[in-house]
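Each of the two complexes below includes subunit A, the first together with subunit B, the second together with subunit C.
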Partner chain A sequence: MLIYSNRLHVRPAALIAGVSLLCSVGTAHAAGVTDQDIINDAQTTADVVGWGIGPRGQRYSPLKTLNTENVAKLVPAWTFSFGGEKQRGQEAQPLVHDGKIFVTASYSRIFAIDAKTGEELWQYDHRLPDGILPCCDVVNRGAALYDNLVIFGTLDAQLVALDRDSGKVVWKEKLDDYKAGYSFTSAPLIVKGKVITGVSGGEFGIVGRVDARDAKTGELIWTRPTVEGHMGYLNGKESGITGELNATWPGDLWKTGGAATWAGGNYDPDTNLIFWGTGNPAPWNAHTRPGDNLYSTSTLAIDPDTGKIVWHYQFTPNDGWDYDGVNETIAFDMDGKKLAAHADRNGFFYILDRSNGKLVNAFPFVKQIDWAKGIDLETGRPIEASARAGDPSKSEDGKKGEVVFVAPSFLGGKNWMPMAYSPDTNLFYVPANEWGMDLWNEPITYKKGAAYLGAGFTIKPLFEDYIGALRAVDPKSGQIVWEYKNDAPLWGGVLATAGGLVFTGTPEGYLKAFDAKTGKELWKFQTGSGVVGCPVTWEMDGEQFVAVPSGWGGAVPLWGGDVAKKVKYLNQGGSLWVFKLPKA
Partner chain B sequence: MMSRGLRCFGFGLLLVMAMPVAGDARIPADPLDSAQWETMYRLFLSDHPVVFDDEVKVLIAHTAENSLEVPVMVDASALAGVKRVIVFADFNPIAKILEFEPLQAQARIGFRFKVEQATPVRAAVLTEEGRWHVGGNWLDAAGGGCTLPSVASADPVWTSRLGEIHARLWPRKDHRRLKFSVLHPMDTGLAAGIPAFFIESLEVRDSQGEPIATIRPFEPISENPFFSVDILGRGPVSLSGRDNNGNRFGTALVSPAAH
Partner chain C sequence: MFKSAILTLVCVAAGFAHAASSRLDDIREVGEITVAVYENFPPFSFREGNQLRGIDVEIAEEFAAKIGVKPIIRVVGADESVEDDLRNNIWKGHYLGGGVADVMVHVPFDRELQLRNDRVRLVGAYYREQIVIALSAEHNPAGDVLELFTREKVGVELDTLADFYLLTANAGRIRHNVVHFTRVADAVTALLAGRLTGVMAPRSEIEGAAGKRIDELVLVEPGRLPGLMRTGWDLGLAVKQGHDALAEAVQSALGELHSSGRLAEIFAAYGVTYQPASQMRF
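Take a look at the complex of A and B:
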């Protein structure tokens, strides 16, 4: 198969890179992380230098020291406490480079840890104002490495670059005004020396944006708003408005149109495109804003050099269910074609042509989808069912529209937690959830810094015995090859390895390993608090390590409705767990 | 000068300093008789010979009225060739209070700091000859100043005026006194649940951008710190600074007060 021949071409270069990295460990002045290190991240097994374990975000490691035969023997090497009194959701993906682990934690904290001993090297606690407005827990999903810097975003919408050796702030830039509801919780993306970020705050009527800065200095290079009508900038000069004013938005609503870019992005070197997702249009009450509301609930393919939107694909036009389109879009190849995959909040799994954004296929990855009957492969648009909550202005008292029950719930068939793709099995491993919601609309007007929803809701499980389901999805057939059911909703990232393994965490506190081909559970370990972080693996001194943050939290306990019953007994935490095989 | 001679650490012992094994003989006896003196020496002063010197004046009250805000004036202007001034409090949980480089200024600085318990407050002055001149006084204190939350930490809108600077120049006979304050919580990181958050550099420059004085405050400097520095030269000056979170702040040119 073509995929394998591609991989064979890549391998020797990857091995050389891996060896040189191993040699650099322990030297006093190790080289900083380069653009080439970031491009090669998926092949270099001695480090994890960026979000997604490779710019495409496949979360696949070619390591096979740890495999289906021996994973049952996996034991902790060490554990590290994030400390503090404020133990909340720990959603980070750790980074590993030059013998150091860099991991972010709740309340905008970041730690540098000796990868061998688990000893802290430094810690930076960002001083947060009381008035921060995070919609969905005080999480952080990770940092980015570039040169000698480790860069992360904060809950008060700042971007902080620290010296990776000392933990001292080298530069800091304000992304936006936290008092208007802006924050940033995802890992920045590094592309060609630029640090790329989005903004959170879609529940507060902010305007989504993707920004690129010089990673070494923090200087703004370009900015691209994600709602039509807003002006973009390149090198301090206007670079054209996004879309066309009032083409898909009525009146002035585009000015507070949401489309938050809160979940980060991936980069595909083949097409030189950044794939960045956008959130729901604001407010939730869709009756106020007839039209498609571009570019909400979309994947945007952005030119990293100019910030131009090269193509877009919108998953839920005129979204009325809070189906953010922010979930990751992952470049992969199938049958010789350059494609991209995306498992949306709205319950459909999309395969796109990643050179132009054309829809190739779309199929459900959850059991029940009420809002649409399917996706028209000709037009690329959903075939809507009648599952929109009623217009409150047409109700008797004008205060509350007709209530509907619709699945998936607004927390989605899948949320931010990134899936993995294995080029060995050609399967995607999707952390899915089965739930629906009662949803109704209410009148709403925009007020700076206040929630801008115009909707009410309660979430309900669809099945007695499970909400979470880790599903192996075949992108060719659209079939679910295997599934693992979990009582509580899944909220952590997935990792696949050449050892035939798939790792993910559960709110019940386990990190689990599954057989990538069959879904058989091969190993689990109780970390003491819910696992909603993203696992990584690397090789050090001839041993393979696996790391995952532990600490229950995120959006589920805050927004979970009836679902809260399944999770309310879970206790909070905050630690990093690192595992390896015992020495023979 | 008599006292300097008596307390001076002889030149002959410089040889001992160069030897790899550190001996207590390098450390002069502490006139303030502090149990922390040897530790302070090792933390801050072991790179040069040390003398206790009455020309290094630390003007301070005997007792701290307010442990969150103890006024201090350090005056080493009687010494020639001052390169750097370090001020520290032996018994503060974070001992170092500030560093000061009087480039085009007199070796004199006034400020306020937080004190945790009774402690010597000392200034060490490095001169061009490569020697630390140390002076100091005991400060009695009821304590707790470093482990209390800042006033700003209870204020939900402290960010709106963060880094605001008020500054004025006052003419003196042979110099000008620059007084300025910066709005900043100066959190020590020792109060529960509040991370360390403090100004770590301040620069005074002339209208050409040439540095006049550099101040490196540390966590014990009081909230909304206030400094007075006696600067040389003429014309307006500017101020700029940065905190440990990377927030930058500054003023446009501060002109001399009308007289």
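Take a look at the complex of A and C:
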């Protein structure tokens, strides 16, 4: 029901033109980031060269200098302000390589910072056009490194490759037309020399897509639409349509079917597959599009060499609750089996065979799920409960339809913020939220000056004392081993380390460290604004560092309801915090 | 809220002077009034070459002239709902900056909408919009149009009331024949070119798009379509709540434009039949 359409001619006055502010020039030109560096990212402790801290996205570091015994002593090493007049949500995961930190910030900005001193090396402010109006805050989730390039996407749906030493533009490619509702907020993924991207814009009229470009030149190699009936391309030639035309969509609705690919993807070298999530189908009223509406609300396993869909798994067929399926799918091994895990908006935690997409297990990771009684392990399909809003066209009197309460809310049992997996504890650490929504049809509503059939919704917390819950989920038993409850909804990424630690941030401003085995809170630090970014860790000169962006924003403050009172007092910000242990 | 708005209005009418200068005073001092219109929305607001034209644009120019100031037209995109548009353009402004307009045109003049949006005041109803079905002229307008569309193609603008209605009408038997367009004007072009049998959309947009070729079409009024809850609504203006002198000024300007026949002239200039609003004020 979220039809993210916004286009307004406003001038973001504070934005500087797309210029690189060169503050100092690096002297030694070290070796560029290679495919091997990216594949090995999870093992190499001196750097973090890609989204997910390793291509599988486990967000696990083998570092143990910092551990459960000494984390209480962790102190700031330095902090860096993103500056500017505009702040809002800072959801990025920083990258670290060759003594430099590359971190993106709100309003399509990126900074290169000296990792030792916290001094700025350069800053690039992308010039955003007047006509832009992104739906869901002005966040950016991070960059990708390849060779001598740092590559990131912008709110006006461009992909920009900068020289990592100078911050100067090397190439720039248009991902799609921002005027048609396309945008970009996630971190690009690099696989075998290709930069792989999705598109944002939950708006009606758009169709999701995964694109691969030559990372060094920006030249398009393949493109794969996520809605059945659309043609894919490889090297400029047709490479087959996605799915089968009109198999799960009526009429011409597939042409504008949604399934945006806005949250990025992971890569599993073992199976040579990219795992990419897709958003909800359009239009919002599920009664108008009977059928599964493939491949909305799914994880797609895509061959990085050709862009072919090897398998798919759909979480919420014929979605009627706005349960985007964009959350990450993470490769991991259990009992000698090659599996993948996914914690969906819809409240279920899925374990899939990552070679073929077959469902191995599915269980709730939140306390209340109303839309389905469970997932049938034989068919892989949900056992739906009767929790859909009625067909608005059946309303007799044109008044507000019956109110249906459904948990989770459309913001999900878990949203975009990535979970972590520790091969030491064999647990997933899931940033979950406990909330539901009142859902009703709103016949007396208007859109662009015309009567419209809309949906009304109000998000409601399920419990008085918390919404957020960091949960340690055992993928074998389906049990929650421990949980940490947080008053405000959790909206930041998670990091696990071999030091037995789990890090995550809170909207209240803290970066916190927990004992990975017990969930005991071992350390916290107040960063001054909400933490909705993704923490990373690395080693430099024999010391272990932890970094996280701070700056409250994202989708939560844009939705009111009863959640507002838990977050309305939170102040915005925009900075990168870096921590380490004091020298003995 | 609504009662207090009326109360304020009464006070103004009774001549109780405002202590502070009103927004209208500021507008007159600067000599400019900012008016928001939707982008790419013929026949109401659209670009022709470099020129901004349309019924809403001319209405803005006319009421600005009556107030005695210059109109600054701000072209805005439509958000998810009119309520979002009112927030973005009238009472708060969007978080990307750019501020707000004094007046927004083409806002549904509906008591329910007013009650749900107490940060704005709806005034100056100027037109009665109506959903119609346009058929190519050889079709019998007295026939069963819904039955016709189970066999023939019908065009709609994506994500509109007509779209949702036809996707579910006749127990879904029309669904496969619904053809989606990003603008009504494109659907009408397809209809006139013989690629569709019908178009369902607001009358003004169909008439504006067809222009002189409107004679090649028959317009069916949807009074007898089962399950279509709303087929007509009034359009007016929105100003920020509390800007009462401004509200009264645009209200009386629109009243004069209606009674002088100027509104009908403006609509006619764009090929649109002028239908007065069902009520000029609540």
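Note that the second predicted complex is superposed on the first by the 533 of 584 C-alpha atoms of A that agree within 3 Å, B and C clash if a C-alpha of one lies under 4 Å from a C-alpha of the other, contacts with A are read in each partner's own complex, and residues count from 1 in each chain.
As a working rule, a residue touches a chain if its C-beta (ideal position, glycine included) is under 8 Å from a C-beta of that chain, and two chains touch if they have at least 3 such contacts.
Worth saying up front: this structure is predicted, and the values here are computed from it rather than measured.
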Using the superposition on chain A described above, determine whether A:118 touches subunit B (first), subunit C (second), both, or neither. neither
Between subunit B and subunit C, which one contacts more residues of subunit A in the superposed model? C
Determine, under the contact definition given at the top, whether A:253 touches first (subunit B), second (subunit C), both, or neither. second
Check the residue A:127 against both partner chains and state whether it touches subunit B (first), subunit C (second), both, or neither. first
Examine A:169 and indicate which partner it touches, taking first as subunit B and second as subunit C; both and neither are also allowed. first
Of the two partner chains, subunit B (first) and subunit C (second), which one does A:84 touch, if any: first, second, both, or neither? first
Which partner does A:287 contact after superposing on A: first (subunit B), second (subunit C), both, neither? second
Contact-wise, after the overlay, does A:391 reach subunit B, subunit C, both or neither (first, second, both, neither)? second
Go through subunit A and flag every residue that touches subunit B in one model and subunit C in the other. 86, 131
Over in the complex, which subunit B residues touch subunit A? Could you list them? 155-159, 185, 187, 189, 192-197, 244-248
Using the touch definition up top, name the residues of subunit A that touch subunit B in the complex. 84-86, 109, 125-127, 129-131, 156, 158, 160-161, 168-172, 178
Taking the complex as given, what residues does subunit A use to touch subunit C? 2-14, 86, 88, 131-134, 137-138, 204-205, 250-253, 255-256, 282-283, 285, 287-290, 391-395, 397-398, 443-454
Using the touch rule from the top, collect the residues of subunit C that touch subunit A in their complex. 38-39, 41, 44, 74-85, 88-89, 94-99, 106-108, 110, 112-113, 129, 131, 158-161, 163-165, 167-169, 172, 175-180, 182, 202, 227, 229-230, 233, 235
